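Sharing a structure with you now.
Residue numbering begins at 1 within each chain, and the chains themselves are lettered A, B and C in the order written.
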Amino acid sequence: MNKVSRFLKTFFLVDILRGLAVTMRFYFGRKITIQYPEEVQPSPERFKGILRLYKDENGKPLCIACKACRRACGTNCFDIEGVRDPGTRTMRPVKYDWKLDRCTFCGLCVEACPTTPKSIRFSEEFRMATADKSRLHFHLEDMYLKGKDLQKFFQGGSKT
Amino acid sequence: MTNTGFVFDVLIPVGKIVAVILYPMLMTIVMIWLERRVVALMQKRLGPNRVGFQGILQPFADAFKLFLKEDIMQDQADPLLFKVAPVLVMFSSLLAFCFVPLGEPIRIGTYQLTLWIAQSPVGLLLVLGLSSISVFGVIFGGWASNSKYPLMGALRSVVQILSYEIPIGLTVLSVVFFARSIDLVEIVNHQSQAKIWFGFMLPVSFVVFWISAIAETNRAPFDLPEAESELVAGYHTEYSGMKFAFFYIAEYAHMVLVSSLVVIMFFGGWLAPFPNVPAFAFLKVIPGFVWYLVKIMFFLYLYVWIRATLPRYRFDELIRLAWKWLIPLALLNFLVVALIRYIL
Amino acid sequence: MGPQHPSTHGVLRLKVSVDNELVLKIEPVVGYLHRGMEKLWESLTYAQVVPMTDRLDYIAAVSNNLAFVLAVEKLMGLEIPKRAQYIRVILAEIQRLASHLAWLGFMANDIGAISVLLFGFEDREDFLDILEIYAGGRLTVHGLRIGGVPYDLDEALIALIRKSLDDLPKKIKDIETLLTKNRIWRHRTEGIGLISAAEAIEYGLTGPALRASGVAWDIRKDIPYSSYQDFDFEVPVLRGGDVYDRYLVRLEEIRQSTRIIRQALDKLPAGEIMAKVPRVLKIPAGEVFHSIEAPKGELGFYVRSNGTDKPERVKMKSPSFINLQSLPLMCRGNLFSDIVGILGSLDIVLGEIDK
């Protein structure tokens, strides 16, 4: 009996018809495509976008040129030089070169950063395409660029 | 010679020839769009929907890109065969369309406009024969490329066609028994008189023919000659630009051709459905050509649906399926049909 | 075949001798993706090596992290807080789900079921999203640190994980309808790529491929690490040793992984998530080998330290590399089309083979 039913199942292509039913169900089912430029998936809180330097609420840079990020980095992305600000006795970076093409987005530099809030953080920016390779090397001023200004920088706008 | 004579004797035939060349091309474009969209939808994707309304211009964009591409022929290729192959493939599938009736004749005054170029008393044989010629193109293409994947693809293609021609021939015979003709127009006319389509009379013939037809056109799950994950692109791996486009168009044209054959032989060609039910008589208002198109679109859709669902057969199983299942089944079916026909 | 070929899963080259369609001899040629990882690690601090291990088996980054981190911790003699151990288990099992689902897609695509590729990847997407929310990365997660885990699991994320696990069985069932019972799939996988238990042990086969040959060996069960002994799960073992059984073993492992994650979420203890680790990590001199059950098989790290903050030597025992060497054996007597299926069933990742 079992054998007969198996033969009949094979003969009448039951398995194949069931497979066809599944694809047909998906045909009318919900679609998962996100129409990218119009819809953008929200980034989670810890999203690792491009690394950016941040300023405090008064617009003063947070970075104290301690070079902890440079030491933490496994791929030598950073080249930092700082001088002591004569007024406030704190170190301020005068040179902060960062190479996007070397960065592996591991986050060790962010973890190493000693300032509160952290001076170097991942932003939500994931658009990092450029036609000019030199645009992957950032200097101190470029590290603060965000959003439209950053895109302009990638497209070959003002270069410092 | 009168003016109307010129129109009927020259313009209309020329127009038909142009139409026969354009029709497979147009269907190819529709088919590429259909395939990409339907497969995408079945995979929970949306597919191309940016170029034109719902992406309908996407195939044009693809074709335009192919036309502009550099035509590469590698050094080790056989130049003559390499060039002949795509032309042969294209030629055979286009020529076969000459004998495919697209609808019932339209009467314009005294002139009868037939929706086919030639009505041959052996139309069915001609179409099958011509469509089989395309395998020569595949072999030439695979051989002339002088490269490993195309060669294997070509070899697979030969074996596949050889095996699947037989069940096709046998199932076609059962239809011929009932229609008592191998004229495609006559087959449809017979279904019109019998008021039943052969597909419902001969379901086994239809299923065997359809499975074999998928194999003949090298489509999934029988797409071994061009199995992407195994042979990269099979026999047309080394082709680019227009020559590749020829293979591509020919493949789709072949699918349209086979779907047309199925529709004509098993599903009444251009006939409106439900001829026996008076309530559905209004369906006859719609021209036959439209019915024909609707029907072949259904079968083309089925092609895509199957492709989106099934994994690929292996070479030896393909042959096994043909010789151990389809051919015995077709033979048995043929015998039964012959007996019934003899008794009736 | 290869190194540029649609189904060699990267840049693997296979020298294949065929008689028409029959495979006579097959010889894998590796090294096209060699990046000198092991040498590179000697110039990096231990903390810097961890994100580098993400790049080995890029389908299952957390598993690589786990193997390396555990090896270093063993060398330090570090006790990891229970909560961190549980979170590690959850992450590693999520990574196993993601890896197996990706494999399912690749494998199905190799055999020609194009839709399943998309379905597998869509299902995997849920778990990648979890990892992204957890650590900010999808593939190269960098989800573990030496001494614990960097972030805690919050309620929202736990709810999301539970929801994804609840959705999974239905999705797997659809894929099973398309494959497990499908005649073409069975023809293509049953009795293909045979390897017996004895041969499998001889060739050092590990992971699901080994268990499909009838050897009950799972490091999670046999040498438990990171608190795996706390969880109740089964190790699927089948005797066939063919591609079909490897497929079934992986499907069952997906189910068992969801069981482990559920238990870990239920039993998640309170407490610290990081052990006390100095900022500059100096590991006492010595050597250690530690291996874990990664999605692809036994993944081990040998670490030798000379007392500085950088390892003196790191050697990696990567499952893909070891599993690949049994490919010629499995392919004997099979047809050309089967090579891709068998290769797919081994679940290799070139990043791990060439290092």
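Note that in this section contacts are C-beta pairs under 8 Å (C-beta built on N, C-alpha and C of every residue); 3 or more make two chains touch, one makes a residue touch a chain.
Please read all numbers here as calculations on a predicted model, not as lab measurements.
Participant: Chain with the smallest distance from its CA centroid to the overall CA centroid?
Facilitator: Given all protein C-alpha atoms shown, the central chain works out to be C.
Participant: Please flag the chain sitting at the greatest distance from chain B, going by CA centroids.
Facilitator: It is A whose centre lies farthest from that of chain B.
Participant: When the C-alpha atoms of chain B and chain C are each averaged to a single point, how far apart are the two points in Å?
Facilitator: Each chain's C-alpha centroid was found; their separation is 45 Å.
Participant: Which integer distance in Å separates the CA centroid of chain A from that of chain C?
Facilitator: Comparing mean C-alpha positions, chain C is 25 Å from chain A.
Participant: Averaging over Cα atoms per chain, report the distance between chain A and chain B in Å.
Facilitator: 49
Participant: In chain B, what residues contact two or more other chains?
Facilitator: 42-45, 308-310
Participant: Send over the residues of chain A in touch with two or more other chains.
Facilitator: Touching at least two other chains: 16, 19, 22-23, 26, 32.
Participant: What residues in chain C touch two or more of the other chains?
Facilitator: Within chain C, residues 115, 122, 178, 182 contact more than one other chain.
Participant: What does chain C use to touch chain A in their complex?
Facilitator: My answer: residues 44-45, 47-52, 54-55, 115, 122, 125, 129, 132-137, 140, 142, 150-151, 174, 177-178, 181-183.
Participant: Touching chain A in the complex: which residues of chain B?
Facilitator: Spelled out, the residues of chain B in touch with chain A are 38, 41-46, 305-306, 308-310.
Participant: For the complex, give me every residue of chain A touching chain C.
Facilitator: Residue positions touching the partner: 10, 15-16, 18-19, 22-23, 26, 32, 44-48, 72-74, 104-108, 111, 122.
Participant: For the complex, which residues does chain A have touching chain B?
Facilitator: 16, 19-20, 22-24, 26-27, 29-33, 35
Participant: Please give the residue numbers of chain B that touch chain C in the complex, ascending.
Facilitator: Residues 39, 42-45, 152, 155-156, 220-221, 223-224, 227-230, 232, 307-317.
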